[in-house]
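Presented sequentially are two complexes of chain A, the first with chain B as partner and the second with chain C.
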Partner chain A sequence: MVSVAPHHEERPPRWSDRRVGILLGALVCGVLVVIAGMLVVVLHRAWPSFQHNGLAWFGPGGDVDEQIRQISLSGQSGTKDSDFTWTFHAWPLIWSTILITGGAVVIAFVTSLFVAVFAVEFAPPRMRAVLDPLIRLLASVPSVVYGLIGVLVITPFIGNHLISEGQKASVAFQIPLTGFSLLAAVLILTVMIAPLMIAIFSEGLRSVPQTWLEGSLALGVNRWRTFWKIAVRTARPALVAGTVLATARALGEAVMLAMVSGSVGFAPNPLDGLLFFVEPSRPLAATIISNSEDLSNPPMSSTLFAIASVLLVSAALLSLAGHLAKQPMKKYGVRS
Partner chain B sequence: MKPRTLAALAVTATLAVVPSQASAAKAKKVTLIGSGSVAAQPYFLSLFKAYRTEHPNVRFVYTANGGNVGVKDVQQGKSQFAGQARTPLPSDAGTTYVKGFLDGMVVATNPANKLTSIGLPQLKDIYSGVATNWSSVAGSGLTSTISAFGRDSNGGQYQFFNTAVLGGAAPASRVTPFLSDGLVANAVAKDQAAIGYHGLAWVTKKERVLKINGIAPSAKTIGNQTYPLTRFIFFVLPTTNPNKNVQKFVDWVRTSAAAGKVLTKSGAVPAFNKKK
Partner chain C sequence: MSTVAPPVPPSAGDAPGPGEPPRAAHRDARESSSTWRLTDRIGLAICWALGLAFCAVTVAIVGFMLVQGARYVRPELLFSRPTAGFTQADTGGFLDPLIGTFLVSGIAIAIALPVGIAVAVWLSEYGRPYPLARSVESGVEMIAGTPSIVLALFGTLLFSHPALGFLSRTTDDGVVFGRSFFAAGAMLSLVALPLIVGATREGLQAIPGHVREASYGVGKTKAATIRRILLPTARPSIVTGTMLGIGRTIGDTAIIVILLGATLQMDSGDGPGGYNVLSGTGSTLTSYVYSNAPTGEGNQPEKAYAAAFVLLIIVLLLNVGVDVVRRRARKLS
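Up next is the complex of A and B:
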């Protein structure tokens, strides 16, 4: 009697480890190539704008909206490189990006940290059962929705109740004070990025080994002190990671900010006192959105790509800074 | 059970499809490619839809990339037609502008404002930053600082307003630009000191539409072009060898009563269409 071995035992498994390794590796390499290609394209198209302006590109000088207009006009009427206007000083846009992103990240960081500590350590289990899914839901709401809430509720409130008639009149010849302002942008952006931070902070706090906390509690240290001194310290890499992710999202936010920031190429001046908070501005990403129709216009497209490359490089630097900041914390930190 | 249900479904589907296929087979399937004006896009979309019910074999692809770009697309042969909201320029060589229908721009204030009519020079003063307070506009009944709202440079209405009201200049820096006509209408409704401009289709009850030089915007005044802020939406075709199917569509838009109804419904004003 010859026994026939079952067919499948002879054949090597279709998805052998080796094959899977090669396939996934190729896929990842493909993604890396796409990213590198994107970088090259963006920088290549951005180059003329940087070349004509030099470092002054990043500096202040003149009315940036008027410069954008001249660039756009020169591209519509001209055909060759020498016809085009290139002068572009992006400082008001960069300053607006720094103010809005910075403000939102600072406020969101402080509130998110306390909310995460509460949610992980102090919230009653029933409340936690509601809080966790809610935060995840909020983190995935599209930014346009926040923008709509902004134009329907926040900006009219600021415009009608927080700005006095005298203040409006005092700057009437230069900028509008209508509620579309730095304050509105920072507030809504904070609400937008905080859930992301809370979610990541909570994950980090939860992964702190329970025994470490129990050791401290056993010594008679109270819960708040234990959690603050041990859990929060240990979870620092997670705090950095959450902040970096949230900052990156804030940097790239365009539609919502174009809707509520006032969309004026003006650099809000801290010396204006309280007025500073209600002054309009327009960050870099929103500038790309508001001029996207001009993408086929050579000098304008180059200027927009230059803005995009600044955002891209800042996001990369941010990621790198986050990585470096995490290194010294790793010794006792939890992975994140 | 499952395969049987599927088979039954397949049979019904084939039965349902066969007659329509038979009628569609007479006319060859056609795709018309267009690009251009963003302001005209909502009108175009309703026109495409209505045209397809009469000619199911025709498909449309329209990219709203701005009128100027659309004309360039036609010049380079990338598009078979373009939508354009401004009159021809010397740089549009090689293209033919065909008047399609009329579009009116509305200037509106918050209902708290008592103003009923405004002149173009006054409007120019407001948007160029000369007049900043309602007290300098007679009849408004307000003494507050004017909140002037407009479109960002992406909007077809922006170009139209600058040409028709500001004499080609850009608005002052105190004018707040918005991403869309709808957002302008919303902002005007929310701010008592506001004034804004947008397309006729976006008028809401929460704002007061102004007469311009004493003439109120309506289908009638825009249709006979007595309302000052009236413009044609043009179809731009290549001068040599325009696509026959595009010409057929443009003729339908210009002349048919059906297209006229669609235009009225979507907020534009038919210019040449038969009444019935």
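Up next is the complex of A and C:
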């Protein structure tokens, strides 16, 4: 085989040719600098909020909405650092993020796996031809449209039919039960991220070598077992990739969740029984968007950047975890 | 159709459809699930049930939006500017958000497309030194996972820096406003970037090595090979990635609300024509829907439905475009 080198050995490549590589390299470095700059700037801006609260930032304590109000007020009236209030305990927001993201990802994962298997293997050919474009269309619907459907259809339904007047009255002194709830948020988020997962899952399932399945079928293993034990297992890297991507999307979803989650800094309590599912809350990302008008206010801006940095670090850790999870599967897995 | 067994008559054991890749589904169509173990049959039943449920949900969502849109969209909404008013009859249409949508995604793609192609070409054709290539890869992956709300916050810091004041409005006492079409477009380009990089890279890697060798063999330089051979061959992938990127930029709301201001009408800054619009604030269809939903400031559900319908149509057209490009590329290869 001839060497791939584009030029003759003894003559160095022409400057105009070398220039392209250097220019592209410089541009790539520029992109890298922007990304690194973002990381540094966001963490730097967030530091005062973490510094003043310590690890209690992540803990429970007090009414988080009241704390946000105090921080905002102190920033409007005060001018120097010592005037500002910093107390912020984000646990209700973190808990809400965990519940909503976790719930939606778990439901969406199970559903998407079955739907992807169906779409790739078991659906009749004619149905398959319709399913693929449908999945891609649903994956690209803007989240605000899902939010609109949630606000105008799902939450009124929950508020009017699933919660009785007695239940509303029983907790009226603490939180309003209006239908803007955990249940609505999880439902709509599931519908939002499931198509993403299905699209990536089915791509992975489709790239499983056909001969592997044939080998299994030839041994007399039935179609379901063949597909479940061989194709799904081989496509595990794709399953991880899809789940990571969908989780990142769910974690960062701000607008739709601000619309349907109820926007109350309340930590839903699993001990409340069935009421738990209809309690309102507000995840981290939605907190940023509903307070975004206050960004020019120093302590408030630092608090919001602290929330953003938590999201940023979680997203980075998530993709790292996905990367690590894929390593041992690489041996037999198809590309993800 | 039954929920347990795929409806296959026992005699139709052959014939995958023409052009259809032969899958297990067709080959062993004689097999009936009645002989399977119970767990397998339950699995198949769940599979069918969830598949049909997914179809039902999709049809419900798309159908609902189309019906609502058809009820509330009137042509004059597309051509009149939004105004403040007390009832839904006198608040105008959404001309400004519609223009804003195209402007902001135009800016985003104008930045993301060249940068994305450059990054992809560098990664796939140069890729040295290795540590740099690895860190660029993980950097792009990180951007893909970064919530757009975080990008928006970063954008407010970046564009309210005095050095970038010319891209937005500056008050008399030198405070930079930091919200403009430029700012929103630049941050949205980061949203579109990973999609374009990923698609272009995939396209470049699918080109077999002997194509490059043939080009070098007839004396073309590496740069000329990239420009004349590789990029044209990878064009379908680039177009697909770009369209997916446009879809993401059109659908984003958080960056628009924070960096574009989500004002009622387009609010121009100072400067020569065109530049003043782009350095001013405005809104897009997504932010229009957001602020006109019952949870927003406007609370005009009919207008929100109409705008969401138009948004959905744009997304639908983009999807059809991606399909056409993919099909044509498949025919060529």
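Following the convention adopted for this analysis, the second predicted complex is superposed on the first by the 311 of 336 C-alpha atoms of A that agree within 3 Å, B and C clash if a C-alpha of one lies under 4 Å from a C-alpha of the other, contacts with A are read in each partner's own complex, and residues count from 1 in each chain.
To be clear about the criterion, a residue touches a chain if its C-beta (ideal position, glycine included) is under 8 Å from a C-beta of that chain, and two chains touch if they have at least 3 such contacts.
Not measured: the values here are computed from a predicted model.
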| item | value |
| --- | --- |
| Combined model on chain A: chain C and chain B, fit or clash | clash |
| Contacts of A:L213 with chain B and chain C, given as first, second, both or neither | second |
| Chain B versus chain C as contact partner of A:V151, first or second or both or neither | both |
| Which of chain B and chain C A:S72 touches, first, second, both or neither | first |
| Partner chain(s) touched by A:F305 [first = chain B, second = chain C, both, neither] | second |
| Chain B versus chain C as contact partner of A:I289, first or second or both or neither | both |
| Residue contacts with chain A in the superposition, chain B compared against chain C | C |
| Which superposed partner A:Q51 touches (first chain B, second chain C, both, neither) | neither |
| First (chain B), second (chain C), both or neither touched by A:N269 | neither |
| Touched partner set for A:S164, first chain B, second chain C, both or neither | neither |
| Which superposed partner A:Q327 touches (first chain B, second chain C, both, neither) | neither |
| Against chain B, colliding segment of chain C, chosen among 166-174, 184-192, 202-210 or 220-228 | 166-174 |
| Chain C-contacting residues of chain A that also contact chain B | 151-152, 255, 258-259, 263, 289, 292, 295 |
| Interfacial residue positions of chain C with respect to chain A in the complex | 1, 6-7, 16-17, 20-25, 27-28, 31, 33, 35-36, 40-41, 43-44, 46-48, 50-51, 54-55, 57-58, 61-62, 64-65, 115, 118-119, 121-123, 126, 132, 135-136, 139-154, 156-158, 190, 193, 209, 212-213, 216-217, 220-226, 244, 247-248, 250-254, 257-258, 286, 289-290, 293-295, 301, 304-305, 308, 311-312, 315-316, 318-319, 322-323 |
| Sites on chain A touched by chain C in the complex | 2, 4-7, 13-14, 16-17, 19-21, 24-25, 27-29, 31-32, 34-36, 38, 41-42, 45, 111, 114-115, 117-119, 121-125, 127, 130-131, 133-134, 136-138, 140-145, 147-149, 151-153, 191, 194, 198, 210, 213-214, 217, 222-228, 244-245, 248, 251-255, 258-259, 263, 285, 288-289, 292, 295, 304-305, 308, 311-312, 315-316, 318-319 |
| Residue numbers on chain B that touch chain A, as the complex places them | 38, 65-66, 68-69, 72, 91, 129, 132-133, 144-149, 152-154, 170, 173-179, 183, 186-187, 190-194 |
| Residues of chain A touching chain B in the complex | 63, 65-66, 68-69, 72, 76-77, 151-152, 155-156, 159-160, 165, 168-169, 172-180, 255, 258-259, 262-266, 280, 289-297 |
